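In structure tokens below, several structures.
Consider the two complexes below, in which chain A is the common component and chain B and chain C are the respective partners.
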Partner chain A sequence: MLRFLGFRLLRAIVTIVLVVTFAFVVLRLSGDPALLIMSVDAPPEAIAAFRAAWGLDDPLWVQYIRYFNAIFHGDLGRSMRDGRDAIVLVTERIPATLALTLPALAIKIGIGVPAGVYAALHRNSLADRMVMVMAVAGFTIPSFVLGLILVLVFAVQLGWLPSGGQESWRHAILPVITLGVGGAAVLARFTRSAMLEVLGQPFIRSASAKGVPWAAVVRNHALPNAAIPTVTIIGFMVGSLIAGAVVVESVFSWPGVGRLLVVAVANRDLAVVQCILLLVAMTMVIANLIVDLLYGALDPRLRATRTAGAH
Partner chain B sequence: MRDVPLVSVRDLRVGFDGLPAVRGISLDVGMGEAVGLVGESGCGKSVTWLAALGLLPKSAQVAGSVKLAGEEILGAAPHVLDSVRGGRIAMIFQDPASSLNPVHRVGAQVVESLRLHRGMRGGAARAEAKRLFDLVGIPDAARRLDAYPHELSGGQNQRVMIAIALAGQPELLVADEPTTALDVTIQAQILELLGALRRDLGMALVLISHDLGVVAETCDRVCVMYAGRIVEEAPADALFHAPSHPYARGLLGALPPIDGPRRPLAAIPGSVPDPNAMPPGCAFAPRCAHHIAACDSAVPGLRPMGLDRRAACIRAEAPVRAALVPA
Partner chain C sequence: MVLPAATTRPRRPLAIPALVLFGIAWLVLMLLVAFSADLISPFPYTALDLRNRLAAPIGFGGPWLHPLGTDELGRDVLSRLIVSIRLSLLIAFGATLIGAFVGTSLGFLAAHFRGWVEHLVLALVDFSASLPFLILALSVLAFFGNSLTLFIVLLGFHAWERYARIARGLAISAGAQGYAAAVRQLGASPWRIYGRHVLPNIASTLIVSMTLAFPEIILLESGLSFLGLGVQPPATSLGNMVGYGREYLTRAPWILLAPAFIIVLTTFSVSLIGDWLRDRLDPTLR
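The block that comes next holds the complex of A and B.
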């Protein structure tokens, strides 16, 4: 188990390093921050001074080493726009993002999983078909389209809810629904097929054959097995708690991490972008690690191969 | 035969999407009796007993009657079926490894049955589970209770399945190809175990197999099925020595030498009729060496062949028997 954890940790670190490196290279090759942040008609001396101040004149690999060295000393750099610490800029946006993504996650799990289980148990019924149609719709409609439709209906036409901003909890309703619906659809489809797969297994029939009432067959035999693949998708959703709201935050002018990312990318505000990506990568890696541990708890077959010595 | 058989199946019919899989099965199982059910794969052996216990998907169309000690159980209420299943009629299946829930310990799966049918819990249930493991010959039973199915061999998993089946103290155990997925040496051990348990516990046994040899060793009486019907029913030794129905004869001819390895029945020329295009008369007619025009006019019913056997063949008596006398 310890070796397994150590192996996973090493892989996690490698993943994070790769993400950060990729972001570093792409960002530096895709535009000159000095030109974007300074006004177009800024004097050449000012631009040169800006470059020198932020170390943009050095060769790429020097900047890269300097960057990693700083990270190791806990320094994630400062915003090129207002000079504040990137980490502060980013962390003060996290609560706003979580205020959307956490309730949305609750909707995804709270609606998606039961809907999928219900559909599987009543396969080919009217309810199953309805769940599937809604799931396909929720899965296919891009979140910005759904967001705009919701705004048109509930904010513009009916006037029930505000269309954007962050002044009260009522402002969060439409973005949370927009985020939740798509995820619930994905989860419903996934849970349904996981359940159907399990319900077709011989051990379900043999549980019935030994006299287990159907409700208990579902609860004690089908669900624990169907949970194994479903946890993967939920883990993926947990991993996107920070980064999963970029589009929705933009549509609803919600001042979260996602909006900050969009603005920072547009401005080539390197430190801020990298800080966000680092945070996102870490969230995903941690979520993955949790999923792996859950797998072990849910599936004794995996536990066995692990204690027998993972590589 | 006692007055009321333990299980009495009458004109059981099962169809899937309008296609008949079982086409009118009638058979009795007496108290403590061992009945074999043989026939090529796909002839409806499993479906017969799955239908009897209400274990088929809802899409299956089931008709007929299945009585347990005189009480109708076909289409009975769920709570009635739940107490019959495992409590009075237990069933074990072909592939023991996938018939056990992979995420639960095998001991817990036995205890589940003990709780359902005998109200046992905690230490008492665990002690009884261990006793059952000893009974079915699982070595180091106390420790094996905590194993998961993937940690046991196929033979041991089948023993676990048998222990689960015995947990409810059933009057009948239906074993559906219990040894087909196992190694030859293990097959013999499991069959021996089933035979011994039946003798010791006075439990009736229905042994389903596509292998006449397997059934003949273990059972008192054998029913031979072909294309969803029983075509011959006879005491095991009588069937073995002088089968009446040409299909049963074919099965016997296809049997490997007694000491040789078991293998599936394959030596009858031709193949099982397509459910979409059943022959008008006897379903076996197209493959039958004794086929005459009259065979195609009507489906032959089971006719008595002497005291204790029946066959569904209009030509059964004289020609087939004569042909079987060893030269």
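The block that comes next holds the complex of A and C.
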């Protein structure tokens, strides 16, 4: 188990380094930020001063090492727009995003998992077909279309709910529903197929053949086994809590991390984009690590085989 | 108590379910529209008709001239829709093929060389899986500027890691089977082994992955274009039209509803076909 943990930890660190490198290379090689921030007609001295101030004069590898060094000291750079620390700019948006993504996650798990389990237990019934059609529909309707249709119906036509902004909890209802429905559909589909696969296994048949009540078979044998693949997807959803609402935040003018990212990308605010990229990757990697640990708890077989790096 | 069907499911006959038939029909229709876009669109997609600005569709009091209405510059929504379908499908097909090619190639490389090559590919797979693709695409797009080619290539990297995982896993298990070893003993080059022998044997699984990735790419393209960071005007795609129509949500919802309808139906159709193909073709499900 310790070796398994160490191996996963090493991989997580490699992933983080790759993400940082990717962010650095893409953002630095893509153009001259000085010209974009300063406009083309700025006097050459001003541009030179800007470049010197931000360290843009040095060779790329010097900037790269400096960047890594800074990150290890917790310094993620400053926004080129207003000079504030990027990490502060980003973290002060996190509560707003979590106010959307956490309730949405609850909806996804609260509706998606039971719906998937129910559909699998009543395979080919009317309810199963309904769940599947809803699940495919929920997956295929893009969040911005669903969001705008909800706005059209509940804000414009009926006038029940506000269409955008962040003044009260009522403003959060439509974005949370928009986020939750799609995820619930994905989760329902996934849970159903995981459940079906487990229900087809011989140990389910032998359990019910030896007279175990069906409810107990489901609870003690089917559900724990179907939980393994389902946990993977939930882990991914937990990992995207911080940046999973980019489009929805834009639709509903919600001032979260996603909005900040879109604006920062449009402004080429390098430090802020890097900071968000890094933060998202960190949450994702940590969520994946937790999922791996849960695997170990859910499935003792994996503790032995996973150390070999089998995928 | 009803026991679910056990592993010895009888092979189903080749009857295609009605919904899948509908999906295929819709996809064929979309392809026909895309290929004949120049012939069937009633107006050039940038042509203005200033007398008929924000005209409603037929049946909602609009003129017969513009069946799906017009936008605020008097551009014909139907014509724009047809051109958008062509561009969105082109992007989705192009990106799906690129993703499948890149992913499968890297998966084969990992399976063939093992050692550090495999570790590198797996590290890249981890990297891809650690970032939501939308975030990755957003940063690349906005910082490299935007051109159609770059956009297609970028979307092509969506889901490459899935193909890589599948191709690596299947190629490794194929290497342990008789047929790959036999052709290797006969002196076949790696190109021949992987291209002529392994690839055809794992093609069905890859095709299923492609049908599952295709709607995701349509959704990504339209999402990015909706944010104004994908296809750039004057070119128009389905997501672009939705993003643009959003400003006229109250006054002219048809600008937005028509392309939204097409996006949903197309992704729905391909997903249905993909699910059905997976049930039929994927050997791991039998």
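For the reader, a short list of remarks on this structure follows.
Following the convention adopted for this analysis, the second predicted complex is superposed on the first by the 296 of 311 C-alpha atoms of A that agree within 3 Å, B and C clash if a C-alpha of one lies under 4 Å from a C-alpha of the other, contacts with A are read in each partner's own complex, and residues count from 1 in each chain.
Criterion: contacts are C-beta pairs under 8 Å (C-beta built on N, C-alpha and C of every residue); 3 or more make two chains touch, one makes a residue touch a chain.
Values in this document were obtained by computation on a predicted structure and should not be read as measured data.
Once the two complexes are laid over each other on the shared chain, residue contacts for A:Asn225 go to chain B alone; chain C is not touched. In the superposition on chain A, the chain among chain B and chain C reaching more residues of chain A is C. Using the contact criterion defined above for the overlaid structures, shared-chain residue A:Val131 touches neither chain B nor chain C, since it reaches no partner. Of the two partner chains, chain B is the only one touched by A:Leu298; chain C is not. In the superposition on chain A, A:Val212 makes contact with chain B only, not with chain C. Of the two partner chains, chain C is the only one touched by A:Arg11; chain B is not. Touched by chain B in one complex and by chain C in the other are residues 201-202, 205, 208, 214 of chain A. Contact residues on chain A toward chain B in their complex (touch as defined above): 201-203, 205-214, 220-221, 224-225, 228, 298-301, 304.
By the touch criterion given at the top, residues 50, 53, 55, 78-79, 82-87, 90-93, 95, 98-104, 112-113, 116-117, 148, 150-151, 161, 164-165, 167-168 of chain B touch chain A in their complex.
Those residues of chain C whose C-beta lies close enough to touch chain A in the complex are 1, 3-7, 122-124, 126-127, 129-132, 134-136, 138-145, 165, 168-169, 215, 219, 222-223, 226-229, 239, 242-243, 246, 249-250, 253, 256, 260, 263-264, 267-268, 271-272, 275. Listing the residues of chain A that touch chain C in their complex gives 11, 14-15, 18-19, 22-23, 26-27, 30-31, 120, 123, 136-137, 139-145, 148-149, 151-152, 156, 196, 199-202, 205, 208, 214, 240, 243-244, 246-247, 250-251, 261-262, 265-266, 268, 273, 276-277, 280-281, 284-285, 288, 309, 311.
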